[in-house]
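Quick notes on the structure that follows.
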Amino acid sequence: MAEKRFVYADNAATTKISDAVFDAMVPWLKEGYGNASSIYRKGDESARALNKAREQVATALGAEPREIFFTSGGSEADNWVIKGVAHSLAAKGKKHIITSVFEHHAVLHTCETLRKEGFEITYVPVSDQGLVSVEDIKNAIREDTALVSIMYANNEIGTIQPIAEIGAVCKEKKVLFHTDAVQAVGNVPINVKEQNIDMLSLSAHKIHGAKGVGAMYCRRGIVLPNLIDGGGQESGKRAGTENVAGIVGLGVAITNAIATLPERTARLRVMRNRLIDGLLTISHSRLNGDREKRLAGNVNISFEGVEGEALLLTLDANGICASSGSACTSGSLDPSHVLLSIGLPAEIAHGSLRLSLSDETTDEDVDYMLSVIPQVVDKIRAMSPLWEK
Amino acid sequence: MAEKRFVYADNAATTKISDAVFDAMVPWLKEGYGNASSIYRKGDESARALNKAREQVATALGAEPREIFFTSGGSEADNWVIKGVAHSLAAKGKKHIITSVFEHHAVLHTCETLRKEGFEITYVPVSDQGLVSVEDIKNAIREDTALVSIMYANNEIGTIQPIAEIGAVCKEKKVLFHTDAVQAVGNVPINVKEQNIDMLSLSAHKIHGAKGVGAMYCRRGIVLPNLIDGGGQESGKRAGTENVAGIVGLGVAITNAIATLPERTARLRVMRNRLIDGLLTISHSRLNGDREKRLAGNVNISFEGVEGEALLLTLDANGICASSGSACTSGSLDPSHVLLSIGLPAEIAHGSLRLSLSDETTDEDVDYMLSVIPQVVDKIRAMSPLWEK
Amino acid sequence: MAMLYSDRVMDHFSNPRNVGELTDANGVGEVGNAKCGDIMKMYIKVDKGVITDVKFKTFGCGAAIATSSMATEMIKGKTIEDALKLTNKAVVEALEGLPPVKIHCSVLAEQAVRAAISDYYTRLGVDPTPIVGEIGDCHACEH
Amino acid sequence: MAMLYSDRVMDHFSNPRNVGELTDANGVGEVGNAKCGDIMKMYIKVDKGVITDVKFKTFGCGAAIATSSMATEMIKGKTIEDALKLTNKAVVEALEGLPPVKIHCSVLAEQAVRAAISDYYTRLGVDPTPIVGEIGDCHACEH
């Protein structure tokens, strides 16, 4: 095998805080500790820093600053939007929500909670290429539909959904439209006004910001009940002393992500394609998700006869951080709902590998992965009682 | 006036991150970026760090690690507990909640949201010394009471409530008991088991930790629905990629706070008393809240004929960061609900000053405040058309 | 959110111009609402239709004090006619803006000027209403 | 949450002992549940009541592989009687623990040993049930 190196290829799970973000955060973890709600200058400084970050996030999305609300991450934003719209429109008899089968759990489990409360959820299917059909959404919309929530880009297979088209349909049908853009922000050009997005969730730690901070865009005029009641922070819409350092970092992270987007994605696309082509030379492998309509940094490949956890542990032993389709984390053996949704049999879904790149990924990293992964797959297959060479 | 110096006397609003906490956080903002849910060692390291912090928080409260759930702060914890218990016990016909009139807005506004949803809220009064009566709680408990939520220590006037006694009553009456201990943790010895506390909220930034991180203690066996659904983090009870750095910092902050508690509070009490005695020599002033049953670092004094914002701005110009009873932050002219609750007339509530000390406060700071504040009060009174010397 | 007052506001708050009482005032106006915490009292000395001196006392927030101070500067040396043209908007502009939640404080300053002029006319035995109009209370404060 | 495997588990996972097939095995057991992704196949060579050689093949998670490896080490050279006393708990202890969600994987190892011994008796024409008992599926995996 090639000389061992450390390759972090799990940027869809989380990213390293960039130096620029870290440097921007530090003053707010040190001397800039004033509470933004306080009246003295030390508080003012924090308030100004929050305002600046709000403008940066708004600019990145084509929104207005007052349409941006900071949260503790993507999950909170998803919960806030979906539960908020559901509970507020239920009073008007609208108790139907449309989402897709392969959303992130922050959306799916939230919808499941609402279903238990008496809401009706339509889960539109996705194609074998991992794409939602605009037609399906259109047909699913009813008189009593409160919300359509479709993710911008899928976190496992990286497929990019027809968001502008869904936005247009929702606008025409006068239904609110939310997109979980946690994976897309900074990686795909987004303009909430042009794309008719009413609400959007994002998270800092996916774009070299800190963990535990995110934002929710909510188009002006939409009345969303609070998820977290209390103090007057975030225009009284989200209580809690603001995580100034994290929010400042998010402002820098999103600004940098947007500034470098075209170049970065062009470069990542080349590396991604090289990985895909190289790994598909392994026998009994397949690419999951559309090859073109996918995030520039996402590779997701299944290897028959390979168990995901064993694969990941062996890659880790070789210095490669990656993730799999099997939900190791929950201790459950259920294969990824995303991979099942695009039609993969459970056994194959178990043996899939997600490599997600970032601007820190180098060509040497790609070479290394291409040299190590085939050997690891072979080794695991050789240990399997099911695999015949 | 004495030579100008910078005195931060608003530690009840937020505190400076201590060097120990900052140093503990930095590795997790730099190289320790692994997602705690990941399977590789880089993720493991984060998971281990979370486990350690969970143990530290549990130890500080006399709880078990699995009873600790990390949140984005005190407000989220309060919302989670109160909305969670309400919605879960409503199914059993328990739609009554008992709280006090002078809780933090994170509790009061949450209760108000529930009231609009059809829950009934009993707000027990507080005495003119700022103390809740155990008898009042006992009398307020009914067959359909779902929850009693009483803050451990008040954030404005620092009064410490008879938590163990309330815990005993709730236990006897088989009603769940929550305490918002955001101001108390690290400043008062707490043992959730001995005090029969079923659920407790805390926040890192009040004890020299970071903003945007907190925790919720929930006694084992209590089933609390999620506020934030999604991934399997926090045993599936609170979704969202964990703020590892913030949580590690909280672990260190709470450990340090507990370790230094007796000495620190003894020292603070002396400084506090000196401030109280000194400021009460100003004519037409009064101390708000019981003098003994109060946080070691809390001073809250009203000056007749003085408007709070003008007072704070002038103190700020003199280098003193403090806060007032008037809710400047909301842009509302309503005087503090806490000060009204202990019987202050609105005009007097407007002119109150909260000084909250921490281990960083020095005797020189106290001297300085004692020299500056009387002069500032005089100056503002001299400008008032209402004030006759 | 913190106040985010402009430097100009902070200057007028920290060093208010024309604070005090005028013993020889011939017009005194007091406006505000003790309930919401704000009282502004303005003293003017009018000579041949010109405001030759002005002083104020204010019990109120930073914006109330700064707008009182600025308003006195803006009407000093002006004719009554010109002083009556003073709007709260002009005071806010002169202060380089106020946070949205503090705009209502500037209304108090405009009203205090009108109240003082009104008192001047009343003392002269002239009905001020046709000239000054109704003054009213600081409604913005009663929300 | 990440796996938090012990060093011992990682050692047995990374360098599994006794991987492969035994061409001269006289007992072969396969257990598991393809649906939940885990299959463990164990080959034993029994000579005069003693397990003289053992190999395994496993399709499964890190814990499955490590427990397979550990189990083979623990029964090699043992009498059938002793091997039948092997519990999943003993394997877990030998591995210095497993995360709670992974305990069920160790059950598979215990079952694989029993299944191989069962096959050995069956080949001898002896009904294994009174000796080995029911083996059953990995119920833990079907949640």
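By letter and in written order, the chains are A, B, C and D; residue numbering begins at 1 in each of them.
Everything that follows uses one rule, which is that a contact is a pair of C-beta atoms (placed from the backbone, for glycine too) under 8 Å apart; a residue touches a chain by one contact, two chains touch by 3 or more.
Owing to the predicted nature of the structure, the values given are computational and were not obtained by experimental measurement.
Q: What are the mutual neighbours of chain A and chain B in this structure?
A: Touches both chain A and chain B: C, D.
Q: Comparing B-C against B-D, which pair counts more contacting C-beta pairs?
A: Spelling it out, more C-beta pairs touch across B-C than across the other pair.
Q: Round to the nearest whole Å and give the separation of the Cα centres of chain A and chain C.
A: Comparing mean C-alpha positions, chain C is 54 Å from chain A.
Q: Averaging only over C-alpha atoms, locate the centres of chain B and chain C and give their separation in whole Å.
A: Whole-Å distance between the two chain centres: 40.
Q: Would you mind pulling out the distance in Å between where the CA atoms of chain C average out and where those of chain D do?
A: Distance between chain centres: 89 Å.
Q: Give me the residue numbers in chain A that touch at least two other chains, ranges are fine.
A: 34, 37-40, 43, 232, 309, 313, 328-330
Q: What residues in chain D touch two or more of the other chains?
A: Within chain D, the residues that touch at least two other chains are 1-3.
Q: Counting only chain pairs that touch, give me the topology of the graph as line, ring, star, complete or other.
A: It is other, because the touches fit no line, ring, star or complete pattern.
Q: Tell me, which pairs of chains are in touch?
A: A-B, A-C, A-D, B-C, B-D
Q: Please name which positions on chain D make contact with chain A in the complex.
A: 1-3, 5, 10, 13-14, 16, 19, 30, 34-41, 57-62, 64-65, 99-102, 141, 143
Q: For the complex, which residues does chain B have touching chain D?
A: Contacts found on chain B: 34, 36-40, 43-44, 46-48, 50, 232-233.
Q: How about chain D: which of its residues touch chain B in the complex?
A: Those residues of chain D that touch chain B are 1-4.
Q: Going by the contact rule at the top, pick out the chain B residues touching chain A in the complex.
A: Within the complex, chain B touches chain A at residues 8, 10, 13-17, 22, 25, 29-31, 33-35, 37-43, 71-76, 78-79, 104-107, 109-110, 112-113, 203, 205, 210-213, 225-232, 236, 239-246, 309, 312-313, 315-316, 321-324, 328-330.
Q: Show me the residue ranges of chain A that touch chain D in the complex, using the header's touch definition.
A: Result: residues 305, 307-310, 313-314, 317, 326, 328-333, 335, 346-347, 350, 383-387 of chain A touch chain D.
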